[in-house]
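The following blocks contain the structures, represented as structure tokens.
In the two assemblies presented below, subunit A is common to both, partnered first by subunit B and then by subunit C.
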Partner chain A sequence: MKPASFPRQLLLNVAAWAVVLAVIFPLVWMVVTSVKPQAELFRIPPSFLPDAITFEHYWRLLAETPFLTYFRNSLVLAVSTTVLVIVVATLGAYSLVRFSYPGRETLAQLVLFTYLLPSVVLIIPLYLMMVSVGLANTIASLVVAYTTFALPYALWLLRSFMAGIPEDLESAALVDGASRIGAFWDVIFPQALPGIISTALFTFILAWNEYLYALVLVNSDQARPLTTGVMNMLITSFNIEWSLLMAASVMMSLPLIVIFTFLQGYLTSGFGAGGVKG
Partner chain B sequence: MASVGFENVRKTFGAAVAVENLDLAIEEGEFVSLLGPSGCGKTTTLRMLAGLEYPTGGRIRIGGRVVNDVPPAKRDIAMVFQSYALYPHMTVAENIAYPLRKRGVRKRERGPLVRRTAELLQLEALLDRKPRQLSGGQQQRVALGRALIREPEVFLLDEPLSNLDAKLRAHMRAELIQLHQRIGKTTVYVTHDQLEAMTMSTRIAVMQAGVLQQFAPPADIYHSPANLFVAGFIGTPSMTLIEGEATSDGNQAVLVASALRIPIPAPAGGGRSRAVTLGVRPEDVVVGSGPIEARVKIVEPTGHETIVLLEIGPATVTARVGDGTPLRPGESVRLSFRTEKLHLFDSETGRRLEVEHPLRLETPRPASARA
Partner chain C sequence: MTALAAIDPAPATRLTLSARYGLLGALLIAPTVLIFSAVIVYPLISAIYLSLFSIFTLTLEGSWVGLDNYATLLQGPTFWNALGNTLIWTIGTLTLQIVFGVAVALLLNNNIWFRSLARSLVLFPYFISTVVAVLVWRWLFNDLYGILNHLLVRSGLVDMPVNWLGEMPNAMASIIFVGTWKYFPFVVIAVLARLQTIPPQLYEAARVDGANAWARFWDVTLPQLKGVLIVIILLRTIWDFKEFDLIYLLTGGGPLNHTQTLPLVVYQQAFGLNQMGMAAAYSVMMMLVMLVFMSAYLYRTRRARSAGA
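And now, the complex of A and B:
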């Protein structure tokens, strides 16, 4: 490719950076606000860089509020949902792709049908069901609720991933002496891993950020996740604790950023390329 | 080593019949090719033998043992797939060692076996590579290595050469023949390439539409095809087939097709006239002299020989002539057939008709000797 002329390159760079700035400005503002002393917060004109940096809001959040409980709840909730969804969806997708039984296609489409219902419609019935099975006000109720809408999507995502894995690979493993489960574990699982990881990420983010179900199904501090917990604790009709809210937001975002950074390689690598000729 | 037997095996997929009443007895150490066009059931037959498909009816035996309900892992077979099916996330060494690993061979003992197999297939330098870093021929050898390492009772090969270019294919064909001679294991080889089947097999099973047509050594398949399908399928260029009526002309049987009268060997036991199809191999057409008048339609020189398409009345005959015979399209020539080499088939059933000892009125000499 011919290198672009200087003015053109400059223009492109300026445009690109403008977009980047627009996207990251709220995030930067969040971080900056979280380390500003209370006195500096509402100063006019606002200062972009704080005069003094303080971590008192973080300290207050960790020491004086139930933030850590919420954080632990969110972590338990997101991890359990992800594990449950991935185990069921991986095996389910494998079954939908590899085994033939009557109604297989119908089943696959029916799974997607559950997506047509708006979640608001399901909240009340779900709440009543949770009450009747004695799960109301528990993290487990949220795990079940999130699974109901994360699982269909995960199934479809993994199904298309599995369909892309050549059947010959599995046949070869069977002939080479593996059992069905052995062949799945040795050959299918490593091939589907990028798909499984992206599905897991999707599910984790969904469970981590969900608000509506958490608000309706759980109303005790013992079981509240971060989303509703932070709102409940810092935003009241009379006052919004901006400094604490921003500090909480930064800490809520950290796990996702860490996970993304860690797994990025898996998502982009051409893991299964070139395995089969033809 | 083990024999392989199919007894009245049938396989259907829904309403579609893939394999119909297959009877096949393969002896220990044989190299048998399943040959036929796409969709003839040859791959399904192999997959049933591997245990990847289960027969709808009948019995399959390996070494005398009925294996109908035995999973692939317990059949003591190894298979090479058309796609090679190498495990993409494993190195060459791990791929080759996989069957041993699955059979609980210790890591310490696997190493030397992998090295020995790699040596046999000249893969020593590639052991640490991933399959995607290999050429087609190398991937093919890895797939073979994975099949060889365990020394199974039976080898199954599903069109293993079809993804290679022509030169490499000829090379690998020779290697496979050599390999079979050296290890002498029962081998079942699926192919649609008659050259592969003819050159490598001790016997060939020709299949069409799920039905076994003929099971015989390559020479028999070529020289006495059991029916019209085998006759037309085997041989390049294909056998010319002329439909007509077999009658008797004095003491010489003849085939009458429109104005054509072709001397043929007498069908066994047949005094009356009947509808037959005459089969002529291109090398059994003598161009230059004879009772039949023909017009040259197409001339295809290949270098050491020339294929000529000749029109005789209603039929087009393919002939193989020596390179020294100058022929031009449109030219008129005379020709005859080597009567004793002609094939006769019942036009209705398609089955080969046995012939009585042919009357040797004339012993034709090769075309090249005449010129």
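And now, the complex of A and C:
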């Protein structure tokens, strides 16, 4: 294609960046609000850049609210879910892609079906189940509940990643005398690793952001994750402290910001493999 | 005898290689099957079974009512109101997501400055928690100190601060708008990936034929995007249809149930009105409606897989 003329190029840039800035403005505003002094918050007209930057809201969040407990709960919850789901799904996806046995195709269809299933359908029986086995109000109950959406998702994603690994590589290892499990460790696993990392990141984000199961299954501050915990701070407070809530929102997004900054390539490759390509 | 049996190879090793592989494959999938049965298949069947009972959530005591729950919900206004709201929300937000998503993808497909930074930034709303998105938007929508009302009043577009979430039709428009903001990046990424694989020769040929930018979009870009757009529309229809967090946290279904969608009704029946059996019936009805889109998606992927293999 011909390189566009300069005025045209300039126009495109201005248009594209105006859209991008408009899209992320709410998030910029979140950060700005979280560092504004309380007095400046309710000034009319509002100041776009704070006169003074303060971290008092962050300190209050950490010192005076159960935020750190919620944060720790979310971390335990998301990491446990991710480890459990990735181990089970890696083996399962390998089996679905490279082995043949009766019922395999039906199973693959079932995985896709459950991937689309709404949580509200499962939540009532799951709630009854957790109450009857005495897991209600624990982080463990949430790990179990999160597998209902994370496992089908991870299986589907890993299945498409593994289907992309050439079969010849594995055959060659088998001809050289490797066992099936040996071939998996030496050939499939290293090849699938980027896909596994990508799937793990998505699973972590899904678990970190989940709200509905946490709302229904956990009702104590000891086990409450960030999503319901921070929302509770909004609902139970007598007068809403927006700067505190915005500070909580920023802190809650920290893992995502880390993933975005350092591991973004994995996220985009997961997009291609999951769902859209089928 | 025992010595002979020891020399005889174990029965498993006498199986053919392919049978042994089949066994190994079954072993590897076994944890998945177990978990699926326990947390998905059993609850799914259980939900259908529960919908035939009348159960009080707090005591969990129930009695068999057969199909009464379904008869009640089909005759009452709640189901139809929620179905209507769900359709308005889904169609509204999906349309905006697609239009805005394709437009932004086309814009970002150009050679702009800091292109990869622009792409990452646009992706952000999709990955942040719905709780964060809702908190931020409720602050932006705030009637007294919200920046949105301030800007609108100062620019003279409105005389009075707008009540974004507390009255109709604003509440429905607001959730549709926030839904679009949160989910359009999915469309952007999927469409961008496809745009990059369109052969430039197609555009050259169209240019030679004298097609202007508009005509090139309709005659080259859109037909090339058709496949990916169908998949995106099916997936997003399913996901938007079952959306709970965003609507529940922004409006809670209000004002006066005007934004109450089917997932919210299920939650309200089960944990607000303590009617667990009724809630199960609503959830089964909701799934029946969704089955249409789900089957379409399943059918399409199966066809794509057999064609692509």
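The criterion applied here is as follows: the second predicted complex is superposed on the first by the 255 of 278 C-alpha atoms of A that agree within 3 Å, B and C clash if a C-alpha of one lies under 4 Å from a C-alpha of the other, contacts with A are read in each partner's own complex, and residues count from 1 in each chain.
Just so it is clear, contacts are C-beta pairs under 8 Å (C-beta built on N, C-alpha and C of every residue); 3 or more make two chains touch, one makes a residue touch a chain.
Source: prediction; values computed, not measured.
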Identify the partner contact of A:Asp186: answer first if only subunit B is touched, second if only subunit C is, both if each is, neither if none is. first
Considering only touches as defined above, state whether A:Val258 meets subunit B (first), subunit C (second), both or neither. neither
Can you tell me whether subunit B or subunit C touches more residues on subunit A? C
In the superposed arrangement, does A:Trp242 touch subunit B (first), subunit C (second), both or neither? second
Which partner does A:Leu116 reach: the first (subunit B), the second (subunit C), both, or neither? second
Could you tell me if A:Ala172 is touching subunit B, subunit C, both of them or neither one (first, second, both, neither)? first
Taking the two structures together, which residues of subunit A meet both subunit B and subunit C? 271-272, 275-276, 278
Help me check something: in the complex, which residues belonging to subunit B touch subunit A? 47, 50-52, 71-73, 77-79, 81-89, 98-99, 102-103, 130-133, 136, 139, 146, 150, 156, 163
List of subunit A residues in touch with subunit B within their complex: 166, 168-169, 171-179, 182, 186-187, 190-191, 271-278
Residue ranges of subunit C touching subunit A (in the complex, touch as defined): 18, 21-26, 28-29, 31-33, 35-36, 39-40, 42-44, 46-47, 50, 60, 104, 107-108, 110-113, 118, 120-125, 127-133, 135-137, 139-140, 142, 144-145, 147, 150, 154, 181, 186, 189-190, 193, 200, 203-204, 228, 231-232, 235, 238, 241-242, 244-245, 249, 263, 266-267, 270-271, 276, 279-280, 283-284, 286-287, 290, 294, 297-298, 300-302, 304-305
Please give the residue numbers of subunit A that touch subunit C in the complex, ascending. 1, 4, 9, 12-13, 15-17, 19-20, 23-24, 26-27, 29-30, 33, 41-42, 44-46, 88-89, 91-92, 94-96, 98-101, 104, 107, 109-110, 112-114, 116-129, 131, 144-145, 147-148, 151-152, 155, 180-181, 205, 208-209, 211-212, 216, 226-227, 230-231, 234, 242, 245-246, 248-249, 252-253, 256, 259-260, 264, 267-268, 271-272, 275-276, 278
